[in-house]
Amino acid sequence: MGKVNKPVVAWVSGTCARLFKSEVQFGHAGAKSGGEMESAQAKNQALKDAGAAVPTSYEAFETAIKETFEKLVEEGKISSVKEFTPPQIPEDLNFAIKSGKVRAPTHIISTISDDRGEEPCYAGVPMSSIVEQGYGVGDVISLLWFKRSLPRYCTHFIEICIMLCADHGPCVSGAHNTIVTARAGKDLVSSLVSGLLTIGPRFGGAIDDAARYFKDAYDRGLTPYEFVESMKKKGIRVPGIGHRIKRGDNRDKRVELLQQFAHTHFPSVKYMEYAVQVETYTLSKANNLVLNVDGAIGSLFLDLLAGSGMFSKQEIDEIVGIGYLNGLFVLARSIGLIGHTFDQKRLKQPLYRHPWEDVLYTK
Amino acid sequence: MGKVNKPVVAWVSGTCARLFKSEVQFGHAGAKSGGEMESAQAKNQALKDAGAAVPTSYEAFETAIKETFEKLVEEGKISSVKEFTPPQIPEDLNFAIKSGKVRAPTHIISTISDDRGEEPCYAGVPMSSIVEQGYGVGDVISLLWFKRSLPRYCTHFIEICIMLCADHGPCVSGAHNTIVTARAGKDLVSSLVSGLLTIGPRFGGAIDDAARYFKDAYDRGLTPYEFVESMKKKGIRVPGIGHRIKRGDNRDKRVELLQQFAHTHFPSVKYMEYAVQVETYTLSKANNLVLNVDGAIGSLFLDLLAGSGMFSKQEIDEIVGIGYLNGLFVLARSIGLIGHTFDQKRLKQPLYRHPWEDVLYTK
Amino acid sequence: MGKVNKPVVAWVSGTCARLFKSEVQFGHAGAKSGGEMESAQAKNQALKDAGAAVPTSYEAFETAIKETFEKLVEEGKISSVKEFTPPQIPEDLNFAIKSGKVRAPTHIISTISDDRGEEPCYAGVPMSSIVEQGYGVGDVISLLWFKRSLPRYCTHFIEICIMLCADHGPCVSGAHNTIVTARAGKDLVSSLVSGLLTIGPRFGGAIDDAARYFKDAYDRGLTPYEFVESMKKKGIRVPGIGHRIKRGDNRDKRVELLQQFAHTHFPSVKYMEYAVQVETYTLSKANNLVLNVDGAIGSLFLDLLAGSGMFSKQEIDEIVGIGYLNGLFVLARSIGLIGHTFDQKRLKQPLYRHPWEDVLYTK
Amino acid sequence: MGKVNKPVVAWVSGTCARLFKSEVQFGHAGAKSGGEMESAQAKNQALKDAGAAVPTSYEAFETAIKETFEKLVEEGKISSVKEFTPPQIPEDLNFAIKSGKVRAPTHIISTISDDRGEEPCYAGVPMSSIVEQGYGVGDVISLLWFKRSLPRYCTHFIEICIMLCADHGPCVSGAHNTIVTARAGKDLVSSLVSGLLTIGPRFGGAIDDAARYFKDAYDRGLTPYEFVESMKKKGIRVPGIGHRIKRGDNRDKRVELLQQFAHTHFPSVKYMEYAVQVETYTLSKANNLVLNVDGAIGSLFLDLLAGSGMFSKQEIDEIVGIGYLNGLFVLARSIGLIGHTFDQKRLKQPLYRHPWEDVLYTK
C-alpha cells in the first residue's frame, strides 16, 4: 500500500471515556475497553503524528474540514464546484404519518389482540391480569374467540369439552397420519399438522354438524319425528346420534356427566332437551341410536350461547355458521396429536410403510 | 322379455312378521312394512301361482332345491356332474388370530391412550373419571404427554404457560400467515396450519432454547459469566434474555407473576434462580437484557421436571431433547391462530395481496 | 463371578470358514474375520478345555444335549418332567394367506401405480419405458391422473399450462406465505406447504371455476347473453373474464398463444370458441372484460377432454367435478413456491414481522 | 315524512347521455339505462318543479350553492361562520413516494420473478417467450430455481428425474397419508399437503443425501474404500447404495438409462464415475449393494452443476447446501400425491380407520 498524499482530516471518538472513573462500554455490550494504548486520545495523537489534521474536539471537526478544503482551493490543488440545491431528502414514512403529512392505508384489520404495548392484551385484558385473576384456559379462549369474558361456568364447560375431545386413540385418521409423519423423522409441527389436516366432514365434524342440525330443527320448530324423517329423506344420518357400544340401557357416562353439569349450571338447556327428545324417538327405532358425546356437546354449546345472554341472535348464527365447535375440536385434538408425536419419538419408531398385503391393487 | 322355461325354486323371507301383533321392522330402521298385499305370504303365494316351486318354510328350502334337481336328472333334462371336494374356505383373519392359529405382527405401537373399551382412556384414566374428578386441561396434557398424573401445581403451571403464549398479536409470522390464508377463503384447519408451520427456530423457539441452554449450563456448573461469555464466543444470543421495552428497573409483570407462583408452589426453583443470576450479569452489560417470559417459562419448566420427583434424570433429558416446550407453545398459540381465523371470517376480509411497493425486486 | 457348576453344552458356529481359501464374511458386510485365535475352532477347543461338552459338529449338537440331560437324570441330579403336547405354534400371517388358510380383507384400494415388481409402473407402464420412449412430464401426469396415455398434443398442452401457472410473483397469497415461512427458518416442505394452503376459491381457483361454468353454460345451450346475465343475477363474476391491464385492443399474448396451439392441434375447440363468444359480449360492456389466461386454460381443458375421444361423458363430468384443473394449478405453482423458498434462503432473509403501521387495530 | 322546508340545491348527473346516439352504460357494466322517464333531464326537471334550485349544468352547481347560501344569510335565516384554515390533507402514500417526499423501506426482497408488467417474467424471461420458444417444464424450473437458462440437456435431465420420482406406489409414507386424508373427505390441497409433510430425512431424503456425501467424499479426495469405511464408522448407511431386489448381476434399468443419458450429453460425469467406483467396492461386500436410482440422480446432479460451467464453486456449494434435490423430489412426488387424491375420490373411498389388530397397545 502506497503512501497517502491527500490531506486527511480525522477524529477518533470516545475521548470522553476519560471523564469516567470506571470502565465504560461503547458499542456492543460485550466490548471490553483496553488499556492506555487503545484509548481514543492515544489514537488521535498517533493520527496527528502521522500528519493528519486532527481537531481538538468533535465539535471542531467541521471547522477542520472546512479549513483543509479552503487551503486546498487557495493552493490551487482543487477548484470549488458550484453549490447546487440538494434534492429534498425524503422523510421517513413513520415520521411523515405521525406528523399527518401522509396517509398510508392499512392492509390488515385485527380485533382480538393487541401487542403494541408493554404486554399483549387479549380482547383488551392485559396478560398479567389474566394470571392474577386466576383465569383458566377456557377464559382465554373466551377472550380470543368470543371477544368477551363469558361466565366461569361457560368457560369451564369449554374446558370439559377440550378434555373429552383431546384424544381418541391411535387408529383414527388424525392420530394415524401424525404417527406416520413422526415415524418419518419429521419435526413436531409437521407431524401435528399432517394429522390436523384430516379433520373435516368425516373426522371430527360430527360435533359441529350436530349443533347446526339441532339448531336448525329446533329453531324451525320441527318435532323430533319431523326432524329425523326429513334427515332420512335427504339421506343424511342424524349427527350426534348413535354409538358403537352404548345402548339405550347402557348410557354413555360422559353424556350423563355433561348433562349433569349443564343441569346444575346452565340457565336453560332447551337445545339439549330437544336432543334428548330426538334420542327418545331414534331409540324407538334401534337400541344403539343413543345421544352420543358429539350430540351432547353440540346441543349444549347452543344452550351455552343462547343461555348466557351475551350474544345477539345474529352473533349466534354467525358463531354456528363459522364453525366455532370445529375450532374447539381442532384445539382439543391437538393435545392428543402432540402426545402421539412425543410417544413415537420416545419409542424411536422407524419409518412406517403400509403393508402391501393390505392393499388391493386394481385398475 | 321371454317366458322363463327353467324351473324356479323361490322363497320370500319375512313370513314370521305374521307372528307379531304390532308392526315389525326388517332391514333399515326406517323401512315401514306395508299392507297385506306386500306381505311375504302374499308374495310366496304369487310365486307359487306363477308355477315356481315354493317350500312351506325356509327350512324346507334346501329339500325343495334337491327335489327339483333330482327330478330334472330323472327326466334326463340335465345330467349330474361328479362331486368334487370343495376347496378349504379361508378363515376370517380376526377369528384365526383369536383362536391362535395365526400370528399377525402389529405395525404400530402406541402407549398414551386406548380407545378399545367403552370409553377412551388417557394413560389408563377413563375419560369420565377425568370429568368427575375435576381435572383441568393441564391434567389431560400431563396424562397424554407425560403419561403420569403430575401434581396440580404442575398442571396449573402448564395452564398458565398456555395462557401466556396463546397469542401475540396479528403481526408475528404465525398469525400473519393464518390471516392471509383465512382471507384466501380457506377453511379453519388450512388457516391454522399455514400459521403453525412458521413455528420453529426463529418464531416460538426461544422457550425451548432457553430451557436447553440453561439446563446445559447449570448442569455443567458454569458460572453466569462463563455461560454468557461462551455463548458470545459461539455468536449465539442467550435465549430468554432481552426485551423490546422492559428494563432492569421496569420488570415484566408476567415474569414476576411466574416467579411468585413458583416460589409459592415449587419445592425447588434452582434453574430459575440460575436464570436470575444470568440476568444479573447481563443487566450489568445493558439495561434491556432482562429475563423475559421465554426465559422464565423455560427455566421454570426445568424446575417443574426436576422438582416433582416423578422423572428420572434420563427421562428429563429425553423430554428436553424431544422438545416438549415446543409442544406447549404450539398448542398455546393454536388458540390464538384459531381466534385470528374466526376474526377474519367475522370481518369478511377479502383476499390479501402484499403491496408491490413493499417489495424490492432485484436480481 | 463364581465358578459354573452346572454342565455346559456349547457350540461356536463358523467352523466351515476353514473350508474356504479366501476370507469369508459372516453377518454384516463390514465384519472382518480375524486371525487363528479368533477362529470358531479355537473357541470350541477353549470351551472343551474348560470342561464344556462340545460336539464335533453342529449336527451332533442335539445328541450332546440329550446325552448330558440323560446323564443328569441317571445321576439323580435332576428328574424328568412329564411330556406335554406343545400348543400349536401360530402360523405367520403372510404364509397363511398365501396357502389359502386365512382371508385378510384389504383396507386400501389403489389403481394408479404399482410398486411391487422390479420397478414401479405408472398405470401399467414401467418407469424405464417412460424414459426410453422419451415421455415428458405431461405424459407422466396423463398416466397417474387420467390412467391412460393421452396423445402428445394433449400432454404438451398440459405442460404449457404448468409453465404458465408456475409463478406469479412474490405478492400473491401463496408466494407470500411461503416467503414468510422460509424467513422463519423453516424447512423446504413447511415453506412450500404454508403457501399451498392458500390455494382455493379466491387464489388459483379461477381456472377450475372457468371450466365448470363454461362447461355448464355450453352443455345447457345458454347463449353468451343468457350465461353472463344469469351469473350477474346470482352475483357471481364470470371466471376467466377480466384483466388488470389487458384490453380488447391489447390482448394477452399468452391467451393468443394458447389459442394458436389449440387451433393447430386440437380436433375441436368448441368450448374455447364459446368462451370467445362470451368475451365478445362482455367486451361490449367494458373494454377490460377480456378472456384471460384462466379462462383460456379452463375452456381449452374442456376441449382437450372432449376432443381426445378417450373419455366418456361421465368420466369428463367426474374429472371436472373432482377438480383436476385445481391439481394442475397446485402442481404448477409448487415450482414457483419452491423457487421462492430457495430465493429467501439464498438471500439469508431474517424473520418477517408484519409492520404494526399496516394494521388497523379495532374492536 | 314531513315537507322539506330547507332550500334544496340539487343536480342529477348523466345528462350527457343525450349526446350519444346509442345507449350508453354508466356505472356497473350490467346497468341498462331506461327510457325517457328515467333520463337525467327528466329528473332534474322534476326537482325544479318541486321547488329545488337546479342549475343548468354541472359546472353551474357551485354557483347555485353559493347564491342560495348568500340569499339565506341576507334573509337572516342563517349567519355566516368564520372561515378557518383547513387542516393539511394528508397526501396519499404512493403519490408521496413517487414525488420523492417520503421514503418507505421495503420489507421483502425477491429475485426470481416479476409480476408488475403486462405479463409475468421468470428470471427476466416473459411468459409468452417461454411458450413461443418451446421451453419445457425443466426450463421453467431452471429459470425459477437457478435463475438462469441451463442448456436443454440439463433441463431434460431434470425432467427425467421428475418422471422417475413422480410416484412409488400407495404404501410409502407420503402416498399413505395423502390417501388417508383424501378418504377423510378433505380437499385436494389438504390431502396433498398431509402427504408432503412426511418427506424428509427418512422418506425421499436419500437423493439429497447421496449428492451431499458423494460430493464431500469426492471433493476431499477419499478413495471409495476410505469413504465407505468412514461412513461405517459413523454408523451411517451409504445413501444411494442398496436395493431390495436388484443385484450386481441384475442391474436397475433406470440407473442404466440415466447413465446412458449422461454419457451421451454431459461434458463430464466424474461424480457419477466416482459413485460407480463406490458401488464396485460395496458389491465386493454384498451383491445387493448396487448403485440405486437415488445414488444415480444424486451423483449426476453434481455432474450437471459442475459440468455446465454456469455455476461458481460457491454457488454449487450453496445449491447442495440448501437442498435443491429435495425440491426436485418434492415437486416430482406431488404429481403422484395429487394422482392418489384423485384416485381415492374417483373410488369414493370411505373414512380410513387403522385396524385395532395392527396396533400394539402397551405402556
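For reference, chains read A, B, C and D in written order, and residue numbers begin at 1 within each chain.
Definition applied: a contact is a pair of C-beta atoms (placed from the backbone, for glycine too) under 8 Å apart; a residue touches a chain by one contact, two chains touch by 3 or more.
In UniProt terms, the chains line up like this: A, B, C, D = ATP-CITRATE SYNTHASE.
Here the structure is a predicted model, which is why all the values come from computation and not from measurement.
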Touching both chain A and chain D, which chains are there?
B, C
Between B-D and B-C, which chain pair is linked by the larger number of C-beta contacts?
B-C
Copy of A-D's interface among B-C, A-B or C-D, judged by over half the contact pairs being the same?
B-C
What whole-number Å value describes the gap between the mean CA coordinates of chain A and chain B?
19
Can you check how far apart chain B and chain D are, centre to centre, with Cα atoms defining each centre and the answer in Å?
30
Based only on mean CA positions, could you tell me how far chain B sits from chain C in angstrom?
24
Could you list the positions in chain B whose residues touch two or more of the other chains?
93, 104, 107-111, 114, 116, 170-172, 187, 189-190, 193, 197, 199-200, 352, 354-356, 359
Listed in rising order, the residues of chain C that touch chain B in the complex are 87-88, 90-93, 96-97, 100-105, 170-173, 176-177, 180-181, 183-186, 190-191, 193-195, 197-203, 350-356, 359
Going by the contact rule set out above, which residues of chain D touch chain B in the complex?
93-94, 97, 104, 106-111, 114, 116, 147, 187, 189-190, 193, 354, 356-363
The residues of chain C that touch chain D in their complex are 25, 29-30, 107-116, 118-120, 122, 127-128, 130-132, 135-141, 144-145, 159-160, 162-164, 166-172, 179, 187-190, 192-193, 196-197, 199-200, 229, 232, 245-246, 252-254, 257-258, 261, 282, 285-286, 289, 318, 322-324, 326-327, 330-331, 334-336, 338-343, 345-347, 349, 352, 355
